[in-house]
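Each of the two complexes below includes chain A, the first together with chain B, the second together with chain C.
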Partner chain A sequence: MTVFKTFLKVLNKNKFIVILYSVILVFFGFSNMQTKEENTNFVSSKPDLFLMNEDEEVGLTKHFIEYLDKNTNIKNIEKDQIDDALFYRDINYIIYIPKNFRQDLLNGKSPEIQVKSTGDYQASFAQLLLEKYIKVASIYQKMGFSEEEIIEQMNKTFDHKVNIEITSTLDTDRLENVVFYYNFLSYSMLAGCVYIVCLLLSSFKNEKIRKRTIISSMNDRKYNRILLFSNGLFALFLWLCYVVLSFVLLGDILLSTHGLLIVFNSFLFTICALTIAFVIGTIVSNKNAINGIVNVVALGSSFLCGAFVPMEWLPKFVLDIAHLLPSYWYIKTNELVKTIEKINIDTIRPILQNMGMLIVFIILMILITNFISHKKNRRN
Partner chain B sequence: MHNFIYSLRILFKNKILIFWTFAFPILLGTFFYMAFSNIEDSEKLDRISIAIVENEAFENRQIVKEAFEALSDEEGLFNTIYVEEKKEAERCLANDEIIGYLFVEEEPKIVVKTSGINQTILKATMEEILQMESIIQVKIEKRMQESLEQGIAFDLTQDFFKQMAMDIRNAFEEEVSIKDISSSHLSYTMIEFYTLIAMACLYGGILGMTSINQILPNMSHTGKRISISPASKGKLILSSVCASFVTQLLGIFLLFLYTIFVLKVDYGNKFPFIILLAFVGSLAGLSLGIFIATCLKANDNLKTSVIIAVTMLGCFLSGMMGITMKYVIDKNVPILNKLNPASMITDGFYSLYYYDTFDRFYMNVGSLLLFALLLIGFSMYQLRRQTYDRI
Partner chain C sequence: MQKTIEVKNLTKKYKTKKAVDHLSFSVLEGEILGLLGPNGSGKSTTINCILSLLHFDEGKITIFGKEMKPNAYTIKKEIGVVFQEVAVFDELTVIDNIDYFCGLYIKDKKIRKDYVMDAIKLVGLEEFTKYYPKQLSGGLLRRLNIACGISHKPKLIFFDEPTVAVDPQSRNNILDGIKTLREEGATIIYTTHYMEEVEQLCDRIIILDKGKVIASGTIDELKALSSIEEKISVEGIVLEKERIEEIRKWEYVEAVRYENSILVVTYKKGKNNLTDLMDYFREKKIEYNKIFSERPTLNDVFLELTGKELRDSYA
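Presenting the complex of A and B:
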C-alpha cells in the first residue's frame, strides 16, 4: 500500500502534463469532426472558387457565372486576401473573366482567361468545368446560333446527367472521425504513459529512497509487483478515460462491430505503450531528460506512423521505417477496419495479423525490460 | 568580456538547455519533413483507375467507346481496365483496385463505392461524353432543318454521322486558351518549417532567461555573490545577454543550414532579408526570455515552463499544428497574430516566399522590433536600482 500511495502522490503532482496531452487529443479529435449528414446518395465534390469578373454581367457572361455557381462553391473573399486564400487552400481556383469575354465568345474567338490554381484535384476539376463551358459555347456559336439560342441549347446539353450508384453502405464519414480520433490517441497514450512511468520509476530510483526500500521489510518481488500493478492501473485508467471520451464525442458508432474492433485495438496498444514506457523507464534515470525523451519518442512515432498525417500521404521510405514501430501496426489496423465492408474470416485475417504484431512487440518489450533490469541489478 | 566567456561556457554545459534550443527544432524539422514531404504530390491529379464492362450495349455506343479509348491512352486521365463480366468489375471495386466502373445497359451507369473527387471527375467526364452525343444530335437536327428549308433532300448516311462525330470530338479536344498566372511558390507545407524557425527563435528566450537568472541575486547563490561584487551591473547584464544571443544565433544558424541543405526547405531567394528576419526574430525571443526572467518572481522551472507555454501557444496560432490555423486567425482575429511574435516571424518568411513586394515583410520586421524593444525597455526599468537590504 505504501508503494501504491507514493505512486498516487507522484501522479497527482504531475497530473497536469497528462491532462494537457488529453486536452490536445480532445481538441484535435473534435476539430476534425465533419458533421456531414449520413449519405447513401452520391454527392459531387465542388471545388472552391473565386471569380473576378471584369465583363458586364449579361448574356453569356451571366450564364457562365450561373453555370459555375451550380457546379462549384463561389466564395466571397476580400480582394486583398485572395492570394492568401489560395495559398492556404481556402479556395482552389481563381478565374479572371476578361472584359471582352462575352464578345469574344459570340465572335467565335476563344477568350483568353487568366486563372490561378493550387494544382490539386479540386483545381484540376475546376479547370475541366471551365474548359467544357468554353468548348460547348464555341461549338454552338459555330453552328450559327444566336446568343439566346446558345444559352438555351447549352442548358439542354448540361441537363444530360449520368446515373450513378453507390455501393458502400458503410457510414464512412463517421467511421473516418472515429479512426482519426483513435489514431491521434496513439500520441496521447504513448506520451502520457512514457512520461508518467519514467517519472515514477526514476522517483523510486532515487538513491536514498532505493536504499531505504532495500533495507525495509518489504519483499523485493512484491515491491516490483505493486509497482507494475500501479503503472498498469494508471494505463488502464487513462485508456478508459479516452474510450469514454470517444463515446461522448463520437457517439454510438463505437458500439458497432467496426467500432468495437477499434476500441479493442486501442486496448492492445495501451498495453504496448506501457511496456515501451517500462523499457525507457528502466534505461533512463535522469529526471530532467524525461521531457525530451517523451517528445522524441511520442512525436517521432506519431509523425512516422501516420497518427497526425494520414498514412496514405506518407512517402514510402517513411512507411518502411515505420514498420519497426508498434504505432504503425496499430494505426494500420484502424485504417483497415475503416475500409472493411463485411466482417468475415477473410477480411478479418489481416487485422488479426496486425494485432498479432502488437502482441509480439509487447512480449519483446517485456523481454528487453527484464534483460536490462537484470543486468543493472547484477552491476549493483 | 570575462563574464561573457563564462556565460557562454555555462550555457553550453547545460545539456538539457542545448537539447531544447539546438537539437529539438532540428529533430522536429526532420519529423515534419518525413510526414509532409509527400502531401502536396499526393494532392496532384493522378491517373484515375476505373473499369469498363465490355458488353454488347457498350460496343454499340460508338462515341462513348471511342471517347474512353482516347481518355485511357498513356497520357489520358484514366487508367482503364476492360472486363467482360459485371462481377469482375464489382470484385475490383470491392478490393479498391478501381474507384468506379462504367456499365452500359440501356443507358450508361456509373457505379462507385463512395462519393469523392475522383468519382466526381469520372461522373463529370461521362456526362461530358453524353453531352457531346447530344450536341451531335442537335447538329444533325439543325442540318436537317436547313436542308428542309432549302428543299434539298437530306439523307443520314453513316459517313455523315461519323463526320459530325469527328467534328465535335475535335472541337472538344481543341485547347482553350487558359493562362495560369499563379505564383510558383505555392507549397503550403513550407509554413510548417517557418513556424519551426519561429519556435527556435522564441525558445532562444530560455537561453536569455538562464543567463539573466545567473546574475539575479534572488535566484541563486552565485547571483548573490555576483551582485555584491564591485563589477558594474550594466556590463554584467549586457555581457550575459550577449552570450546568450550568440548561442541562440548559432542554434538558428545550424537550423537554417540543416533545413536548407538536408530538408531542402525553400525560403525564397532574398537571402539578406531572411538573415535580417532571423536576427530580429531571435532578438524578439531573447527579449521575451529577459522579460520573463526579470518580471516573473518565480523559480527557474516555472519561468522555463512559461516561456515554453508562450512559445507553443504562439506557434499553434501561427499554424504549427495545422496550417489553416494561421489563415483562420489572420482572417477572423487579425489583431491576435499581430501581437504574436511567432506569427510575425512565420508571416515574415511567408511574405518573402510568396509575395514579390516587401510591404508585408517590413511590417512584420517592424512590429517584431517594436515587440523586442518594448519588452527589453520594460525589463530594464525593472532591473534598475534593484537592491536588497537582505535576502
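Presenting the complex of A and C:
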C-alpha cells in the first residue's frame, strides 16, 4: 500500500496537467456539438452568377437565360468590376453567351461558351447546370425536334423530379459528434497517459530511489507489479472519466451498438496509450524532457492520424505514414463505425481487423518495454 | 563481540580491471567502522557488493551470520543506507518522504508513525515536516536523506559521505545523530574524506587502496604505523630555496613542504625541534606569522600509506 499511496500522492501533485487535457477534450467536444447543430437542416443553395449575353434573347437563348435564372442567382455587376467580383467571391461563375449560341444549338454544333470560375463547389455546380443544358438540348436537336419542341421537351425533362427517401435509422448527426469526441480523445488520452506515466516512472525509477528500493526489504518484483498496477489503474480511471463525460455530453447514443463499439475501441486505445507511455517512460528519465515528448508523440500522432483534421482532408503520404501509428487504426475504426448501417459479420470484419492492429501494437510495445528494461538492468 | 559483517576474499572485476582484490575484513557489532581510501580505491564497489547491488566474482559476504544475497529480505530489513546523493521524491513533503521509505520496511502504521517522528527528531527537521525538498537548503536536504535511510531503525547502517557540502550546523547535527544511533545499538560503516570526522566518530578504521586493505586498526594503532613523530607548521613565511634545502638536511627531518607561504616540516623523532626551528629563523632574520607543533594526524598516516591526500580538511 505504501508504494500505491505514494503513487497517488505524486499523481495528485501533477493532477493539473491531466485536468487541462480533459478540459481541452470537453471544450472541443462541446464546441463541435454546437457547430454541428447549425448544419443539421438541409438548405438548398444557388451559385452566384454573372451572365453576359451577346446573342439575341429569343428562342433557345431566351430559354437558357430563364433556365439559369431559375437555378442560379444572376447578379448585375458593372463590366469593369466583374473580375474583382469573381476574386472576392461575390460571384462564383461567369458565362459569356456567344453571338450565335441559338443557331449553333439548332445546327447541332456545340456553342463556344466562355466561362470564368472561382473553382469552388458553387462554381462546379454552375458548370454542371451549363453542361446539363447543352447536353439535353443537343439530344433533342439530334432527335429532329423543332426549336419549340426542344424547349417543350427540355421543360418536361427539367421539371421531372425524383423522390428520395432516407430509410437509414442511423442518427448520423449525433454519431458524428460521438466520433469527433472519441477521435479527439486519442489526443487527450495519449497526452495524459504519456505525461503522467513518464513523470511517475521517472520518479519511482529514478536511479537513486531505485537503489534505495532494491536494498530495502520490499521484493523488487512486487514493487514493479505495484507500479504497473497503479499506472494501469490510472489509465483505466482516466478512460472511465472520459467515457462518463461523453455520456454527459452526447447522451444515450453511446448505448447503441455503434456507440458501444466506439467506447470499446477507446478502451483498447487506452491500453495501447498506456503501453506507449511505458516504452517512453522506460527510455526517458529526465523530467524536463517529458513535456517536449508529450507534444511530439501526442500532438504529432493526432495531427498525422486525423484526430483534429478529418482523415479525408489529409494528403495520401501523410496517411501512409500514419499507418505506422496506433492512433490511425483507432480513428479509422471510429470512422468506419460511423458509416455502417447494420452491424453483421461482414460489416464488423474490417472493424475487428483494425482493433486487431491495436492489439498488435499493444503486444509490440510490451515487448519493446521488456527488451529495454532488460538491457537497462544488465547495464546497471 | 559478534561479527555483524564478514567479508571473505571479495573480488570484483570490471572487465579485466580488479576494483576489489581478494578483500577480507569484518565489522563488529555496535562499532563505527571508518572505510577510507582515495578515489577509485574500491570503497563504493565494496559497499555495493555488500548490499547486493553489484554481483561479485569471488568471495563470500555474511551479515548477521547469514549469507547476503539479492533476495535476502530478512537481512535487508535490518539494513539502512544513507547514500552520498540525496535520494528523495521531489513531489512529497519531508514527512511523506520519510514515511514512504520507512514504509518499505515497516507495515504497521502506528509503529511507522512513531519511527518517522523519531527520525525527524534525530535529524532535527521538526520545523520542516511540511516542506518539499526543493524548499530545503543543502544541509537540510542531507538531513532528510539521512532520515529516509535510518527511519526504520536498522541494526546496520551504511553512511556514504553524508556530510559532503554541508554547512557546519547541519554537519554537527548529522554527526550527533550518528553518535545517538550508535548509542542505540546500531553498527555503522562510515565512509568520508574528512579525517576530522573519522577521528571524532570511528572506533576502527580500514584504509583501502587499489581494492586491498593496506592498513586497519584503531586511530592510535594507525598513527603508530607512521614514521613521523612531530609535525611543525609555519604560516606567513617567505623562504628562499637554499633555506629549505638547509632545513631538509637536518637530522631527524623526514620531509619539508613549502607552499603558499606555509612551511610544513615533519620529523622522525627528536626533542626541541620547535625551539631549534625558531632559533634558526631568528638567526637568519626570517619573519613569520604563526608557528605550531602537532602530532601527526590521520591524514599524514593516510598520505604516507597511500602516497595520496585523502582530501583537504573542513571547508
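Convention: the second predicted complex is superposed on the first by the 251 of 380 C-alpha atoms of A that agree within 3 Å, B and C clash if a C-alpha of one lies under 4 Å from a C-alpha of the other, contacts with A are read in each partner's own complex, and residues count from 1 in each chain.
Methods note: a residue touches a chain if its C-beta (ideal position, glycine included) is under 8 Å from a C-beta of that chain, and two chains touch if they have at least 3 such contacts.
In this text the structure is predicted, and so the values were computed from the model without any measurement.
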| item | value |
| --- | --- |
| Partner chain(s) touched by A:N344 [first = chain B, second = chain C, both, neither] | neither |
| Contacts of A:G119 with chain B and chain C, given as first, second, both or neither | first |
| Which of chain B and chain C A:K13 touches, first, second, both or neither | second |
| Which superposed partner A:G292 touches (first chain B, second chain C, both, neither) | first |
| First (chain B), second (chain C), both or neither touched by A:N76 | neither |
| First, second, both or neither for A:T157, with chain B first and chain C second | first |
| More chain A residues in contact [chain B versus chain C] | B |
| Partner chain(s) touched by A:N377 [first = chain B, second = chain C, both, neither] | neither |
| Which superposed partner A:I214 touches (first chain B, second chain C, both, neither) | second |
| Footprint of chain C on chain A - complex, ascending | 1-3, 5-6, 9-10, 13-14, 203, 206, 208-209, 211-220 |
| Residue numbers on chain C that touch chain A, as the complex places them | 51-53, 70-71, 73-74, 76-77, 79, 81, 83, 85-92, 96, 99-101, 103-105, 148-149 |
| Chain B - residues contacting chain A, complex | 16, 19-20, 24, 27-28, 31-32, 34-40, 42-45, 90, 93-94, 96, 107-121, 123-128, 130-131, 133-135, 138-139, 142, 168, 171-172, 174, 176-183, 186, 188, 321-324, 326-327, 330-331, 350, 354-355 |
| Sites on chain A touched by chain B in the complex | 28, 31, 39, 42-45, 81, 83-90, 94, 110-122, 124-125, 127-132, 134-136, 138-140, 142-143, 153, 156-158, 160-168, 172, 288-289, 292, 295-296, 299-300, 303-304, 308-309, 312-315, 318, 339, 341 |
